[in-house]
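For reference, chains read A, B, C, D, E and F in written order, and residue numbers begin at 1 within each chain.
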């Protein structure tokens, strides 16, 4: 085993089960994250480049160096229909690693979107294309093509570990990573949560308090809550 | 007097005068803040979750711990029609303390909106509901229900002191707090400012310079301003 | 030469060639920045106050002190049709130095927009006016009029040097500064870049990979890239 | 009651009890904050300008505008021996509001230190004087003297509400505010905490685990903790 | 496999080879990171709580919730002599999760230090103990003990993936993670780098330029570097 | 004139007058910045890597790309005794562009220090060498040598414009840039300021208030300051 993880492209990766991905796509990030036990969420600085952006697919990963997007072209070839590209950088950088030409190429390969712990550009064009991107920054600054990174190795993106093949779900609330092996179970748990919600919503809309619906009054009293006038 | 302010719910609070609140609701945050002598503004990191969000009402306050939204359910019961919930956290936390279920409950109680020095989630649903929220962050991460905070004690939210019953006015420009006892006076002062503005706008649109309209030339010269070619 | 650059208004500045400005206006910030050799971009914290804001014009510059917008009224008089006001502050400040009244005045003078390394307010009105502003912050907090700054001296705005008369181009991707003397050359270089792009886009959309289109495979192999299964 | 709190100097304030202040001075900020029920701590960006800085005294407060330290001279006159000056700014500003000349004056008046939600300068001299300052920033940038603020009104400093006369305790761990009326009680509660600690430290140093000393094992098991190999 | 990784303590972990850890301890973080091919470095916001702090050991990991340090007591029991505790939090939090009592306990168990993506307190005592801590923040704010996290699961700490048993090396330059299986190889590569450095230092000190020592002139010329007068 | 400023090394620059540099070296950054009329200060995030670091000299400038320090070796050759290297980066990057080997080389060439809007490493060694460095960050992460930047072109470093040959003065309070042509005048103005200070310090130490010494009472009253009891 080499200590150096750079300069590698892994071609065969095990993608999460398609039907599980499809099921997960129907839920919001908050629901799935909750169903996962509150792990796997990327940091809150990751924002969609346009309101309403939504993406769900299997991760192909890429690790780049600051100011260098050479590997974006390498990862393009590894995209299969239904993938979401997850891009990490070896140190913090807001440069525009990605724009409308790469988006055109990624879409032609079947990509469902991009999640990048760095910057992107051509926001207007990407919005017109409705190509969903979740990024740390927007920057017009282009990059060079000089240094090797890697494709389809495990990466840490915006504070979350992403293994190639994991499910990536992203919407207005953020980006969550579901390990490939947990995709089915997560989809089921999310479904169970959601079936509850409609009923709760109706009750709350009618004026029932969460205090009563969730039977919290006793616990609060036990914890010492005091009502004063 | 206890040193510990946690674990308390104050039920009876003195809300600002209704008609003053209604008057204040017609003005922008910038106008009211200016009329107040430039105090009471929350920090600029507080942003609406959708463009055009607007809220005006009387504050019911809640103090929570990082990662714990138990008190959100407690404060719900204290909401009266026309209130805006102001949520502070004992230390910085971006977790999603609030989502569409709580919004449904708050609205059912008559809440006009939420101002929170923390994170919220279900942004898509909240936008669809047009429930105005001004927050520090958006995060899919849910919270636990384990620790007591307090309701309707004075809180510091995003750098501003909020007493229960104060008027909260929030729009695209930020969030301002008007002490309950100053609400009428602030509404009048804001009105006075605004009645001036239409006239000024017309003059400036016609090409009159602020330098002349505000008679600044003499002051600038006295201060030593030099024009060179 | 005085060491003190404050208290000066330079009236006659050499503006970039009009036709070059018009040509540059047709391109995106990313394209022009790339054509310039990747220099002259403002920091990525500069954001449009509404999606789709676009501005292109010649810079008139203003340097202000934190919390003081007196010079905004001085710069207004120096605006000529086609100018973009570039506002710098002597230390970091998010106060709202600019609002709808100043925008009305600037527009009456022919200004094409404002780029400010500080805060602005009346965002709703500015959006309704479609007056393009690129700023570091939005803040309802007004300013005083007490201290002299300068107009049409070279300023550093959001990390970029701006000389009066330079071309300022701003869109969703950021703000770029083109030195007046380089405007024609930059416009030509941008044009050359763009004429290439349509062809590339078609190829990439058809599934051709950047790896092949840009002939990167050999370089990557030479750099040591290894494909594994 | 005026809505405008600026331009006021309150001369007579009720300072916390001297003996309580003296008792509090013996404890660390962490101990006192804990004894207070975890409220009253300023934000963690407040740092001592030199390692080991320590201050404890009664608050005289000052509210200033960004870039303007006029009121620093006004507050100097209100200092009594044993006071700590607490300086807030109406919007975020890192300018150097305070340096060695003001420190000389403050010390001559009997001040025990300065807590400022802004910048300071002359750090080398202040360190040589061993005048304790806790600030948000260090900046060589001086300020003007043009706008009124207020002295001895309640202020929000670094996220904490400070009323004139409150006890301010600051050390390497941060800055805590103890309301004047709670000073005795807080000192007693802090003392009770500390008397426990020596014993705990001895046990832990001998290898006893907190799990056993605090009898946590049962609670953890009940919460569902699982040990695996 | 469960989707929920919380509530687990793994007791048996494979620690990196002792002799490799000892070798790595002799090198600086920069040297080892370089030898690793520039991967595995934590974010630069991780700083030692006192200048000169140094730690090297095998990772025992702990994942906690914001504002809750219950698991710190659980991880203490898993410490073996030579370990460094690596603490991650499920969302960003600066609370003081660790102080001098826990440090006493950790040291009694043989811990070499703590790396925490959160806050710590009792900095003065920790410094007096010379217990090396690398943290994101210093905060007097204590935490509760209410929610389960996990011990010895893989965690992302300050942007770096840490598996239990990995080597953690921390000094004034930052914190680097060496996978257990690469420890020997990394130590050798670091040694090879360092043996070169003394010779280089002597040459550079004598006035030889890096341009010549590293034979860069040709490459720079080929890249197009132009010298002008 | 080319639009592309990259790939250029200017060999002959006009350095500020030696005797003026020597005079400026005796003053603090705050004094010189004040004497300059409060312009030319770098942003407050620039901090010395060790307390008490001090540097004064003439600027040789270098512009680099993120993650690439190739030009550091090019600038080394342009250093003359008494120079301070000022390093800017084309976009924000915290990588360690500089360490003890380069410091050895810079010192051998006669450099007085380094000011860098990026990261540095080998802080322990640099401190032992007492080589003064003022930087935005500390990072163990090394850089590549692949892309051309420029040497001795005007750069914007941490928000301040630096022309080659300007005087750079840096101490605990920050970093100030004095244009070469203003060096004498700035030194004189600084001297005039400082000669006043000793007298003021004595007065303030004796208990005289700034209010009286600076004759502020009348101005404050005119501005409307009200004393209340």
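Quick note on the criterion: contacts are C-beta pairs under 8 Å (C-beta built on N, C-alpha and C of every residue); 3 or more make two chains touch, one makes a residue touch a chain.
It should be emphasised that the depicted structure is a prediction, and the values quoted were computed from it without experimental measurement.
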| item | value |
| --- | --- |
| Co-neighbours of chain D and chain B - touch as defined | C, E |
| Type of chain E:chain F copy interface by residue overlap (half), same or different | different |
| Distance between the centres, which are taken as Cα means, of chain B and chain A, whole angstrom | 31 |
| Between chain D and chain C, distance of the C-alpha-averaged centres to the nearest whole Å | 42 |
| Between chain F and chain C, distance of the C-alpha-averaged centres to the nearest whole Å | 27 |
| Two or more partner chains touched - positions in chain B | 38, 41, 44, 90-92, 94, 139, 141, 147 |
| Touch relationships between chains, expressed as pairs | A-B, A-C, A-E, A-F, B-C, B-D, B-E, C-D, C-F, D-E, D-F, E-F |
| Parts of chain D lying in touch with chain F, wherever the complex brings them together | 7-12, 50, 70, 72-74, 76-77, 94, 96, 99-102, 104-105, 107-109, 119, 121-124, 127, 137-142, 145, 147-148 |
| Contact set on chain A toward chain F in their complex | 65-68, 90-95, 139, 141, 144, 146-147 |
| Chain C to chain F touching residues, read off their complex | 1-6, 35-39, 41, 43-44, 90-92, 154, 156, 159-161, 178-179, 181-182, 185-186, 189 |
| Complex contact set, residues of chain C against chain A | 28-30, 33-34, 38, 41, 44, 47, 51-52, 171-174, 176, 197, 200-201, 204-207, 209-211, 214, 216, 219-220, 223-229 |
